[in-house]
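Presented sequentially are two complexes of subunit A, the first with subunit B as partner and the second with subunit C.
Up next is the complex of A and B:
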């Protein structure tokens, strides 16, 4: 009777390493030996990969590696930041609604439907258009849009545990509602919530790309992956220098795949197999 | 009726509801070997919306004396588990009162109820659902002390280890496992250890052995009996298996569709049941001896009645829905002796022999 957990596997560690690499590069971008993402090298315009510019330059002579690394900041802050907001608020409400049930559940649930009733992309476009599009505003708006999604998943997961006998036992022992939620429910709900949240981060990173295509992501010339792909696809750049769009798209693809695999493997690893008896 | 009982009668249960109302807590019920610890008065538990109201427990009253084991039996849906949960106040009663040690649990504030109900602990049927799958056994057992911040973490761990040892679980090897790595019997031992950490005075066991193999059932029952002797708690033992209940109970109460049918000392109930439902239940217990056939307490009871015929047939019908319980006596739709009176009037609980209570218009004669 050893620990019966599914091993995480090599792929998990490769993907996790990639995510950490992207996060580190974005965080330490200022200290890396790379040119500024907005500095123009007039001697190298629309060049392919070279020793001087590892990933080449765009049509304004800007270093693409630098732009991708700095652009990762925007994608990561919006991706992780908005999901963190959604997880904090939606998760707390989900635990509360799932555990309490009854009127508490009905009220919070109705609130979640109000937000869900707006088509998310359209709502974000309208709000961003009127309110402005700084990094923090984008993160906050997308975070609010993510609340009901995360709320519903965590509420459902909580409900599947809320009626178990160990919760009743905790109440009989005199545990407070807060203690039951934190000590008994949260550890059970967390694995699936984290897995879902990582997929959510991937979805939001793509969403940032969509907003960039509508010209509603962070203002130029600040690079974001979405902005770079957008630039790479405009002004006939796709024919002249496909690398501009290729590199950020590839970075996005690899990060999204990594997030999905890490999330999946984590959930499988922490999945409690209860069929043993 | 209660007042006329000799004061020295042990384990005196509640008969008619009117009897208890006039009976202040702690007087008239103190018997030779134990004073009243639990008094359930007109307990009603209903749930669901008005039109689809489930009458899980309808007007149940009884007493428990300190140190006794009361068995509570009935079919699925008879309300026995709900009764147990309402007593522990993990499910609030719709109406009625539960007095523990003379204190009305329903009248307490949330904070005081939290403290008071630590004296009533529960052991559940499902060994898997009873334990948090994410936590280690030693943490699960130490949790009750952690909730009340009793002692240091080291002292709590020590007491948890001692309790695990007492229930036959190795605190070193098994203590660090998680519930899904344990067998069903081990899970129940852990549940029992957890329930006893707060030194409760009343242990409500809700079908604690129903999900276990027969050989393991016996081990757990013996463990409960041993622990009861050591710790001196009172036990409400809920089960649907009459053989199991008989082996562990001093008195046995039979429930049917949310009502109490019969309440008597265990031996009396099994040898001379007064309620047709009790008799039918007993006759349906399979006998381990193939030569003897099923137990037939009613065989030859009345001239012209062939063995267990009518009573055994009675239980073949379905239990009526608790949404719309039958009028009068709730058992009448399945009772071989039902008469018009049974549909019209609900039989009151009455005492027909010393300590033997029954709610039936036509109790069986012996």
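Up next is the complex of A and C:
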């Protein structure tokens, strides 16, 4: 009998292509034929779209397309970097706690509840304020904040497999805990973990934007999507040239929607319902 | 084994939650205390900045006891906090407690207005959508709210400011008007911020209530009500809405907690001097004792709101407390 998985659909591939496009543009930004994101063109201040500046310029004559492409780096590094930290630590703990159960599970689970009880934005804002706000510090702080969330998802998913027959069979054949976790559990848990992680990346990108609005993300003039939108909303720029804020807002909206749709479709696709078996 | 009574289960549940609550509050206090030690160099120098006079330094040393072993410092600090002494700003000379007393009502107003707006939109919309699932109206509402989940509050706030304040001049672009200057000017000054905060809630509440309603409408007692010839409208309002609203209530509880702490961006952008705004202003002026005191109070408030929401849910829905 064939697999009766829900098809991913065309929209999934369009969204995935957009995510890949943004990642490629950000990675190859130095090689693209665009001006420097901090270069000021005094002959073109607050201009609309033109051949020289495809999305126009801001109040300092800087190319908006270039600022958006370079700004994507900050959003993507913090977004994917912190979720990678969360997945690595939270995921490992989740697999271990879900498979072992007992005291291991009880201790790690209680710890995750305590961390989840904190208001996340407040904790991040305050720690950034006291400790500093370089790119790697932001990524690390948000990554640590993401650990308990990812732990809980992966633990729950591991538990649903831990007592299946194929795990018992592997155990009976004398497989070590490490082998069972890596070879038997991980491949089954990975799809749902990845779909949850993609939605997590979207949440973190919004968080970076919020921090930028509060002046707590990477320092200017380094562009990030959050601080370009913030610049576009301050100094009367909304009256003079609303596009400074609107273009990066549109870019962020499209990326967030794409991440949410890709995550959502993956979850539906890999969701093995008992009724379908 | 002895059957436990319903009251016994509720008491055990309460006790368990109370122990958790105490542990979390204790941990928050330790973390808030340790924050000052994240400051680079001598914390008293960072805290005082340009106000570094011998008498001010003596005051900081007394407040924090920085020259003594860490556990002793913590106990001194905790003793002060428990007596309501959260410290004093070296910049404005105002006590942290006074600042919180002035700022908190603004947060409360933002939360109440935004949640009233969110419920007023989400509940009728969910009732209409769930009545005919997967038809045009339902699909439109579901797709729109999915899209709204991808619009961060700060982008919505910028769009609202652009359209309603800059282009149309319907609302003031920033600033807070106190209630003593009239109800309408006061509501107008928090309107844009409240709408920006409400939008995210609308999306979450609509999606939750819609799916709960659709599954409730499959139940036998609904079929029974239909067989009795009751109108769809009556069934939706009187039979389906209440059993479908538990998860709505739970998420509203969590949401209100996070709005209390998460209104930072909206308050900062619209210059509404709530606690979020005050924390950011204190960070900008390196007023570290102010940040520490407010963070402690807000974190404890957040935990208490979540605790209350959990408790309420436990009382309303017996399934929760039975685990």
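Basically, the second predicted complex is superposed on the first by the 272 of 277 C-alpha atoms of A that agree within 3 Å, B and C clash if a C-alpha of one lies under 4 Å from a C-alpha of the other, contacts with A are read in each partner's own complex, and residues count from 1 in each chain.
As a working rule, contacts are C-beta pairs under 8 Å (C-beta built on N, C-alpha and C of every residue); 3 or more make two chains touch, one makes a residue touch a chain.
Nothing here was measured: the structure is a model prediction, and the numbers come from that model.
Once subunit A is used to superpose the two complexes, subunit B occupies space next to subunit C without a clash. The wider contact with subunit A, measured as residues touched, comes from C rather than the other of subunit B and subunit C.
Superposition on the shared chain A places subunit B and subunit C such that, viewed from the Cα centre of subunit A, they span 90 degrees in steps of 10.
When the two complexes are overlaid on their common chain A, residue A:260 makes contact with subunit C while staying clear of subunit B. In the superposition on chain A, A:184 contacts subunit B only, with no contact to subunit C. Look at A:170: by the touch rule set out above, it reaches subunit B but stays clear of subunit C. In the superposition on chain A, contact is made by A:252 with subunit C only, not with subunit B.
For the overlaid pair of complexes, the smallest distance between C-alpha atoms of subunit B and those of subunit C rounds to 7 Å. The contact surfaces that subunit B and subunit C form on subunit A in the two complexes do not overlap at any residue.
Those residues of subunit B whose C-beta lies close enough to touch subunit A in the complex are 85, 88, 90, 114-115, 117-118, 120-122, 124-135, 143-144, 147-148, 177-178, 180-181, 183-184, 187, 191, 194-195, 198.
On the subunit A side of its complex with subunit C, the touching residues are 113-114, 117-123, 125-127, 129-132, 202, 206, 209-210, 213-216, 226, 229-230, 232-233, 238-239, 242, 245, 249, 252-253, 256-257, 260.
On subunit C, the positions that touch subunit A within their shared complex are 20, 23-24, 27-28, 35-36, 38-40, 146-147, 149-155, 158-159, 161-162, 166, 257-258, 260-262, 264-265, 268-269, 279-280, 283-284, 288, 291-292, 295, 298-299, 302-303, 306.
Those residues of subunit A that touch subunit B in the shared complex are 1, 3-4, 164-166, 168-176, 179, 183-184, 187-188, 272-274, 276-277.
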